[in-house]
Every structure is written in C-alpha cells, then in structure tokens.
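A, B, C and D are the chain letters, set down in written order, and residue numbers restart from 1 in every chain.
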Amino acid sequence: MTAPVLEVTGLVKSYGAIRAVDDVSFAVMPGEIFGVIGPNGSGKTTMFNSVLGQIKPSAGRIELDGRDITHLSPLQLSRRGVGRTFQSLQVFGRMTVRDNLIVAAQEHRGTMLGRMFAATDNGLGPKADALIDQFHLREVAHRRAGELSYGQQKLVDIAMAFMSDPDLVLLDEPCAGVNPVLVDDIARLLRDLNRVRRRSFVIIEHNVDFVQKLCHRIMVMVEGRAMAIGTPAEIRANKHVLDAYLGN
Amino acid sequence: MTRQPRWLIGMVGMAALLVLPPFLRSYGLYLLSYWLVFVIATMGLNLTVGYAGQASLGHAAFLGIGAYSVAIVMKAGCSFWLGLPLSAVLCFVVGLGLGFPALRVQSIYLAFATLGFSVAALLVMRYEEWLTGGTSGINDVGRPSLFGLDLGGNLAYYYFVLAVAVVVAALLRGVLRSPWGKAFTALRDNPIRAESLGIDVRAYTLLSFAIGASCAGIAGALLASLVQFVDPTPFGLGVSFTMYLMVVVGGSGTFFGPALGAVVGVLLPEWLRFAQGWYLTAFGVAVIVLMLWLPGGLLSLPDRLKARAIAASRPRT
Amino acid sequence: MADFLQLFISGLATGSIYALAGLGFTLLWQTSGTINFAQGEFVMLPTFALLAFSAIGVPLPAAFALTCVLAVVVLGWGFKRGIADPLLRFGSMPVVVATLGLSIALRNGVRAGYSAEAHPFPSLFGDDVFRIGRVAVTSVDVGTLAAALVLVLATQAFLARTVTGRAMQAVAQDTTSAVVLGIDVPRMIFYTFAINAILACAAALLIAPTYLAKFDMGESLGTKAFFAAVIGGFNNSRGALLGGLVVGVCENLAAAYVSASYKDAVALAIFIVVILVRPQGLVGQRVERKV
Amino acid sequence: MTPKLPTATVLIWLLAASTAHAQLKIAVIQELSGTGATAGTNFKNGVELAVKEINAAGGILGQKLEATIDDTQSNPGIAKALALKAVDDGAFAVFGPTFSGSMIVSMTQTRTAEVPNFTGAEAASLTQQHNPYIFRTSLTQTTSMPRVALYIAGTLKAKTVAVIFVNNDFGKGGRDTFVKAAAAVHLTVAADISTEAGQLDFSAPVLKAKQSNADAVFVYTNEEESARCLRELRKQAFSKPIIGETTLAGQRVIELAGPAANGVLAHVGLTAEAPIPAVREFRAKFEKAYKYVPDHNVIKGYTSVYFLKAGVEAAGKPNRVAVARALHGLKISAAKQPGALMDVAIDDNGDLDRASFIVQVKDGKQQVKEVLPPVAKF
C-alpha cells in the first residue's frame, strides 16, 4: 500500500454563515488522475484555492507526501513541486510563448542572486522547446502569448504548469472554452504526461466525458460537500449523482 | 523586424551624443547633462513602474536622497567616489523599505503610499537642518576628478554623466535579460499566477523598488554635482509626478522609453520657451495630446505604424 | 481644554474643506475608475470663474449657477469625452499622466492668462467671530462645516434614494451586471462627471474665502483631498468627509502638541496606519482579492 | 559637415555681437511658476515697466534695452541652465532669480562671465562672498531685521516676542536673522513657530504664540499665509502688538485679510504706499499698465533696471566690468534718477542702504508712523 501524494482531511471554507467547502476529505495516490466534478457553485474552485494556499481554509488538514502543508503559501507549494492552472486564462500576455514557459520554471533553478547573472533562459531553453513541440506550439513559440487564439493560450497555460516537473498538478477546467478537437488533444497530452514519471493530477472539469475517459477516480461535489468518490464506473452507477446533476 | 531599426536609431543617437557636444555652448551642454541625469533616474523608475508594474509616485525622494548623500559626504571632506556608491546603496535600502506597502496594497493605494513617502522625505530635507542645511540647502558641491582627470568642466562632466548613463543602462539591460527581467514582467502581468509558478512575488516587488530607487540615487548624486548646489525644491511632489510622466510618455516597460520620456519632461519645456508665459500650459497640453495620440507612449509608435501597414496591406472584406 | 477645543473646531473646519475636494475624487474613481490628478485644479477653475463673473457685475447666486453650468460642460462633459473616455480602456497610467498634464496646463494657464496673485474671495457666511467660553469660532468655520455636511449627505441620499443614484451605484459596483440590468452605463458615468463638476463648484464657493483664489491653490488642496479620500475609504462617499475631518483635526493637534514642522506628514502617518490595519479605509467596504 | 559648425557658430556670434552694439540685452531670470511664482512674476512686471520707460526715453546712453524673460520653475537646476543661457547669449546684465538657492547657483555663472547680476534674493550670505557682480535690489533681512528688533524692544518696550515664520527660503532666512538681531537688543524669543507655505489653518501657531505669553508677535510669512494668520490672530482675540516686515502690511495682505489687518505694525522698505511723490507716480503708472497694486517685488524689479542705468551712466560706457565697478559705492539720487524712487547707496558688497519706514495699518490703509534714515549720508 503506497502513501497518498495529497491527502485532504475535513476541509472547510466558510464565508460568514455560508460553507462554500463543507468537510471535504479525499486522497490522491501517486500516478493517479483524480477528477473533481460538480455543478456550478458547488465549491470546486474554492476547494482548489484552499488546498493551494490561495485562500485560507477555515478548518481541515492538507498533507503533501505525509507532511502538513495546510498553511503554506502558493509560493511554498510551488517550490514543493505542486503545479496548477487557473479557471480563467492566466498566461503572461506580453511575453512570448517560449518566455512564458521559461518563466514558469526559472525560479526552481539556482539561487535568487545567481539568477540575476544567469543566462536569459536560465538553462531551460531545451526543456521549453521540448514542451513546445509536445504541445504543438512550435509555430507560435516566438509570438506574444496575448496574441494567440484562446485554445492556444490554454495550451500554453497547461504547458506552463508542467515546466517545473511538478509531482502533483492541479488543473482547474483545462477544457473550458476549448473546441472538441483540442479537448481530445489535451486529454492525450495529459495522459502522456501522466505516464512519464508517474505524475499525479487533480482535474476540475465540467466536461463529464473528458473526465470519465481520463480519470482514474472521480469526486463529485455538491453544495460544498463531497457527495461521492469512486471510479468512473462507480460514479456512473451512482443514483444520487445523477439526481444532483439533473437537479432533482 | 522592428528590433533592428530601433537599435540602429539607438546607435545613431549614441554617436550623436558622443560627437556633437563639443560644438554646443554651455547652456546646451548643461541641458544635455540634465537630461541624462533624468534618463538615469527614469530608467530606474521604468523598472519599478514599467517592467514590474508597481505604481510609484515618490521617485523624486530618491533623487533627493542621492543628491543629499553626495553633498553631505563631500561637505564632510570625503570623495565624490565614496558618495556615489553610498547614494546608490542608501537608496537601495530605503527603496526596499518603500516596497513593503506594495506587498499589502496595490494600484492607487500604493501610489498614495509612495506619494506620501515623497512628502515625508521632503519634510526631512527641509527640517533636519543639522543634516541637510534646511531650506537654504548645501552650497558648493564639488565635481569629481577621475584618475587625475578633472571632471569639473561642463564638457568633461557631460561625458562623465554620459558614461554613467551608459553603464547604468548596460547593467539594467543585463538585469532585464536575466531571469529577473522575466520575473518582473510576470509580476506586472499577473502576480497571482507568478506566485503559483514559484516566483517570489514579495522579493521581486521589493527588488523592483530597490533597484529603481538606486538608479534614482545615482542620478541624484550626479545632479548634485551638476548643479553644484542642493536644496529641497527640486525633490518635491511635482518632480515625482514629472518622472512618472516621463516613464509613461516615453513608453513604460520599453528599454529606450526613458530616454524619450526625459526628452519630453526635461527638454520639451525648454524648447517651448518661445511661448513665453504660456510655455508650461503648452507643455501640459502637449502631454495630453501625446497621451491621446499614443496611450502606450512614444515608443508604441513603431507598433502602431506596423499595425497600420498590416491593416492597409490586407484586402478589404 | 479650551485650547484643545479651539484646535479641534478649527480642524473640523479645515477638514471639511479637504472633504469637499475629496468627495468628487472618490465619486469619479468609484464609477469610472478615473484617477483625477487635476482634482485640485477642478476646484481652482470654478473659483476663478466665480471671480470673473463677479468682476463683470453678476451677483453671486447667478454667478454660481453660471459657473455650475460651465463646469458641467467643461469639467464634466469635456473632461469625460476629451480625456477619460479615450484613455480609460488603456488602463490607469495614461489617464493619470493626462490628468497630470491637465493640471499643469490649467494651473499655468490661469497664472499666465489671469494672475499669479492671490485674490480675496467673498464669504457666504460673513466674517463674524463668536466666542463660546474661551473658544472662538467664526461664521466661516461653522458655515463651511455645515455646508460640507449637507453636501455629503445630499450626495449620499441622492445615490441611495433616487433611481438614478442607485443606477449609478450599480455601475460603480459592477459595470457588467449594470449593463445586463439595462442601465445606460455611459449616461450614469456622465452623471458622475457632472456631479463631480458641480461638487467642485460648491467646494470652490466654500473653500475660496479661506484658501484665497490663487492659481496654485489646487496643488496642496489636491494632495490633502486625495489622502482624505483614501483614509476615509475610497469606495464610500461618507469616507471622504470622515477622512477629511480626521486629517484636519489631527494636523492641528499634531502641530500644537507634537511638532509644527512635521504637520504635513500627519495625513501620511494616518494613511499608513489605515492601509496597515484597514486597507479599505475607515468606512469603506472590503473588496476580496480576486483569484 | 563638422567643419562647418564652428564657422556657423562664429558667424552667429559675430552677428550677435554686431546687434549688441545697438542694444543692451538683459536677461530676466525669475520664478514665474512653482512656489516662487508670485514674487517672480511681480519682479518681472517691474522690470518690464522700467524697460519700456527707458526705451521710450531713448534707452541708456542711446542704446535700447532688449529683455528676454525666462522662468526658473523655482528650481535651482533650471536657474543654472538659464544663467548659462544668458551668458551664452551675451547678456549685458541679469535680473534674478529671487530664490536664494537659485541665486547662489546662477551667480557663480554670472560672476565667471563678468555679468552684473541684480537679485531680489534675501540670504545674507549672497553678498558676503566678495562677488563683484552681485547687487541687491532692496534692503535685505540683514539690514531690516535689526531695525524691526530695535523697534520691538525699543519703541514697543517688549521683553519677549513670539516668532511665526514660514519655513521656506525666504521665511527661514528672515527668522534666523531676526533671532540674531533680537538677541543683540536683549529681546527674548518666547516661541519659535514654523509654518508651511500654503498652510491653511493657523489656529495651532496662533495658539502657541498666545500660550507663550510673549509681549508681541512677529509674523514673517508670504502674502496669503500672512492674511490667514492675521485672521486667526483676530479670531483668537490676540491683544498684543503684531509686527511684520514688509509683506505683513502690504496692500495685498490688507486686501486679503480685511479688517483683521487693522492695527498691524510693520517695518517696510520701499513700498508703493511710501509718502513720496515719485512713488505715487510710479504706482499710478504701474496700476494703469497692469491693473493691480504693485508690491515690493515689483519695486525691486523696477528700481533695479534704473540702478543699471545709473551704473552705465556713471561708467560712461556700456562695458559690463566698468559698470559693475561703477556701481560699487555709487550713490543714486532720486532727484537725478527718478526711477530709483528714493535716494539709495550701493556699498562695496552690492548691498543697499536706503531709508525705511515703520507703518501701521489703519482702516485698510498703510500709514507711516516713523521714517528710519539710512546709515550713509547723502
């Protein structure tokens, strides 16, 4: 029995009387792709942001590789090998695609002072180029990220999360607003990235089909609570989940 | 495509700055030196405001701290060469301090925090007479000599300021090309995303203030020696505003922006003097018109022209 | 104690002057995101307009009405169409710089075109001194304070009670939703600029007897008004009043009991405390950092 | 390309020299914007009026004056640039700047180029550096403050005095000189109160002055602040004598302060209210041209051009060095040189000696109480 990479226990985030995240617990195993689904406003993103130190959880415990990370900042989490993407597009619009990728990992190499004297790519050029090829961004590699199409920006956004070789990546709606062809591409890329080095993913996604195909296990969130956790097949068979989704 | 012409223009400009000054009279030489001093200061502010995206309306204070450091050090009988690095270091440290409000508040609040700092620094210059000479200032600030070469003459001092400007520009270029430069840009574009990628937003915010401040400190040191007199008047809020104006008008976040911005801020009022009593009104109007025409600053003009050329070459649909 | 009261009451009067100038600044920022560094000049110009109208023999109430109309056209409509509208979509930097340019142009325009001198300005409230115990109060002090209160409360009531006012607040809070709700957003923003212009005229009328009409009166007034607005809370109209009064009183007390030299740093000190403890200002609403 | 440039320069220089033959170029370098704008603009207007008059009367030794006017923005750095420009352009004399800091910087340039430099600046140090090209345009604080202190200690029989001053170049310098002068006549400074330029609320300074229980208060601030301070003194029912120097009893302050100015005592140098026919005539001329009452800065500017005229006439030729030499020790009599307005003597340092007045404001008018004679005899 291997230990989980990420273990969340009794996570609560309340705003006044409203509990946006209400006593959520789950664990992500090494090499696992863990999906989170649920209707709008069910607290998925709030849960994400609480786990990632973006907002302070009201209660609960979060462990990374068995160590408590509950009150760490996003910066500290990044340094410990946790990558993420955001629900909305978050690329650096005025930098080129290649620079976006380089800046995504440069702080993981060398010392602060050393970086002042380092080469402009901080030795990350080859790695950035590899990802650019893997994500089919070669043609736009030297264009400003802000000038690209939405789908391409989305790819850059996802690629950035992988630049620093994180052990755990949390993706918030990687397929939102992306055309169906690209959705398949993203699924394939994520599956590839998962196979190498046994990386673990947590993915929030509305596209149920995408989640069903890609994820090893799925958590369904409704009104801040984890309604069910299980394999895609189990979730498909769960009557409560269907009710929640159909709004009965 | 646009890179080459821009650098070419830069080289031609540089050559002009090297070759033409011996033919200028003292007023022209002095103005050029004055302009260069503000180019140095504005390059620093451009790092803070343009690259790292931090609102700062208190930069004149650093110019003042630099100027007073050199004046006080030289009055105490020490060399200019001690004063110059001291100015830079002192401003670096104070700049780090000014960065702290930026960790807590942003945009307009930060602008007012820095503006308030400018006011406070001015009060210290005016009231701490034992240190700064108060409102009567410090007179007879000398000019340095280098390896037995006297830099006291207007032409010699001009070349000295030019050399410092080139060195500071090269150093800044180095910093901006290093990973730091990307980190600053990331900080400006999206601090939250930057932090999630492991960029130490706190450290880079403070650094952007500190580096910007130390450039202004160096500029201040040169200014003290250029005017050979220091009093609080040139370090008021108005100058902080003007420096911010120079950054934006030149093109914030562009490398050559400060040089052009300082032309507008320092030389344009002088050129407008033919308008007599109305020259500052003309200057204000010119700034408004310039902003309306090129909201991205003067250096957005090539991009604008390029965009227009592309639009024109496209067949109409 | 009498001394303290004397300082306190004088401070309130001065503070209400800061508040009047700060109020419009807050409004503009709320609804349109315009940071107006020419706000001080926006008070200075109507002052001179009032003087000019008086000089050609127009009685004060009529002069005030004319100035208001002129201000709404020039400082409201003209400012919005000429500077705010074209520049706001490029972020705050170009607007800040354009208003800086505007303030330089206006200040020096009045200096070159009218006069570099300070001009006396008639007070609405006479110039009588009352003594209550050992405390002296002038009718100008009381009148300014009362008028400032009335103006702030009226603005507040307009924003909270009228349909137009509420629409304006909706725009201030969330432009996108306001559009969805069918509010004529550009019109509401114009109303804000118009109200700002009228408030500036009112401020001019109330401030000028003390401040005296001078081309550079906007310079120090602007800075103090900004601080008053931020200290009170940038997203609340009452904030400017509270901030102004706090700054006015504290400055006086500091000048008398701490150090006359560093009086001008008082606003800054309060501001620093406020951003450390309550960044949203004394009565402002907290805005969550968006992720 | 390059060899042509010096030739062109020489050509321009020659042309400039040839026109200079017919005209005397004077450079007015003044604070026309920024904090010193009021003083500088007034000085400039005074110069302009005098230049117009002199040219209308045929110029100086047959040469017309040509004035260029430039604004220092109240910034010493710009002032230095303008002084260099004036020197580059071959100015015959420089008028300004008024701020001591700017003056210190620019007078170094005019000295090197041997250009007579008239200034309205007050700082005592300016004329103590043996700069043979600097000339005052009014009595300075060094002359006037002892007269004020003597009046307070002597005529008013005060033992203690509260000082309210504005902390800028002008006010701080005056305060320092006054404190020294007060010590010399055994007048104790009971309260030393600094205020800001542009200060709005004077309740704290006035309260401090009251609390000090001094026998008199000496107010040394710029016009607007003087008016506000006087109003506050009246409001807080300050009952002791209020004394000022020049500005406090100026027409502008009286206008701005209203009834609060009544009773104010002041030592004034040459002002527009001086009971002298030449001054009345000057005032009428100025008011006609500029539509406002001239203050002491206007008079500084106006008279200084006539000082230059007297200097050139005394030297007998339009030579800068000779003129500067002639001006030292020159006694200018108002009878012969009406534009000087009053008899005046210039000493070896470039300082002035002239009669001055103690005035009191009554019913919104300055009234002369006492005439203080000059040190030198005419």
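The definition used in the following text is that contacts are C-beta pairs under 8 Å (C-beta built on N, C-alpha and C of every residue); 3 or more make two chains touch, one makes a residue touch a chain.
This is a predicted model, so every value here is computed, not measured.
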Greatest separation from subunit D - chain, by CA centre: A
Most extensive contact between chains (C-beta pair count): B-C
Chain nearest the overall C-alpha centroid of the shown protein atoms: B
Whole-Å gap separating subunit B and subunit C, where each centre is the average of the chain's CA atoms: 31
Whole-Å separation of chain centres (CA-atom averages), subunit A against subunit D: 73
Chain centre separation (subunit C, subunit D; CA means) in Å: 36
Subunit A and subunit B: spacing of chain centres that average the CA atoms, whole Å: 41
Residue list for subunit C, restricted to those that touch at least two other chains: 108, 111, 219, 261, 264, 291
Numbers and ranges of subunit D residues touching at least 2 other chains: 32-33, 35, 167, 194
Multi-partner residues of subunit A (each touching 2 or more other chains): 54, 86
Residue ranges of subunit B touching subunit C (in the complex, touch as defined): 49, 101, 104-105, 107-109, 111-113, 115-117, 119-120, 123, 126-127, 192, 237-238, 241, 244-245, 248-249, 252, 277-278, 280-281, 283-288, 291-292, 295-296
Partner subunit A, residues of subunit B touching it in the complex: 175, 177-183, 185-186, 189-190, 192-201, 203, 253
Complex contact set, residues of subunit A against subunit B: 52, 54, 73-75, 77-79, 83-84, 86, 90-95, 99, 102-108, 112, 115-120, 122, 160, 163-164
Contact footprint of subunit B on subunit C as seen in their complex: 29, 35, 37, 82-83, 86-87, 90, 92-94, 96-98, 100-109, 111-113, 219, 223, 226-227, 230, 234, 261-262, 264-265, 267-268, 271-272, 275-276, 279, 291
Residues of subunit D touching subunit C in the complex: 32-33, 35, 37-38, 40-42, 167, 193-196, 198-201, 203-205, 207-208, 211, 223-224, 227-228, 234-237, 252, 255-256, 258-259, 292
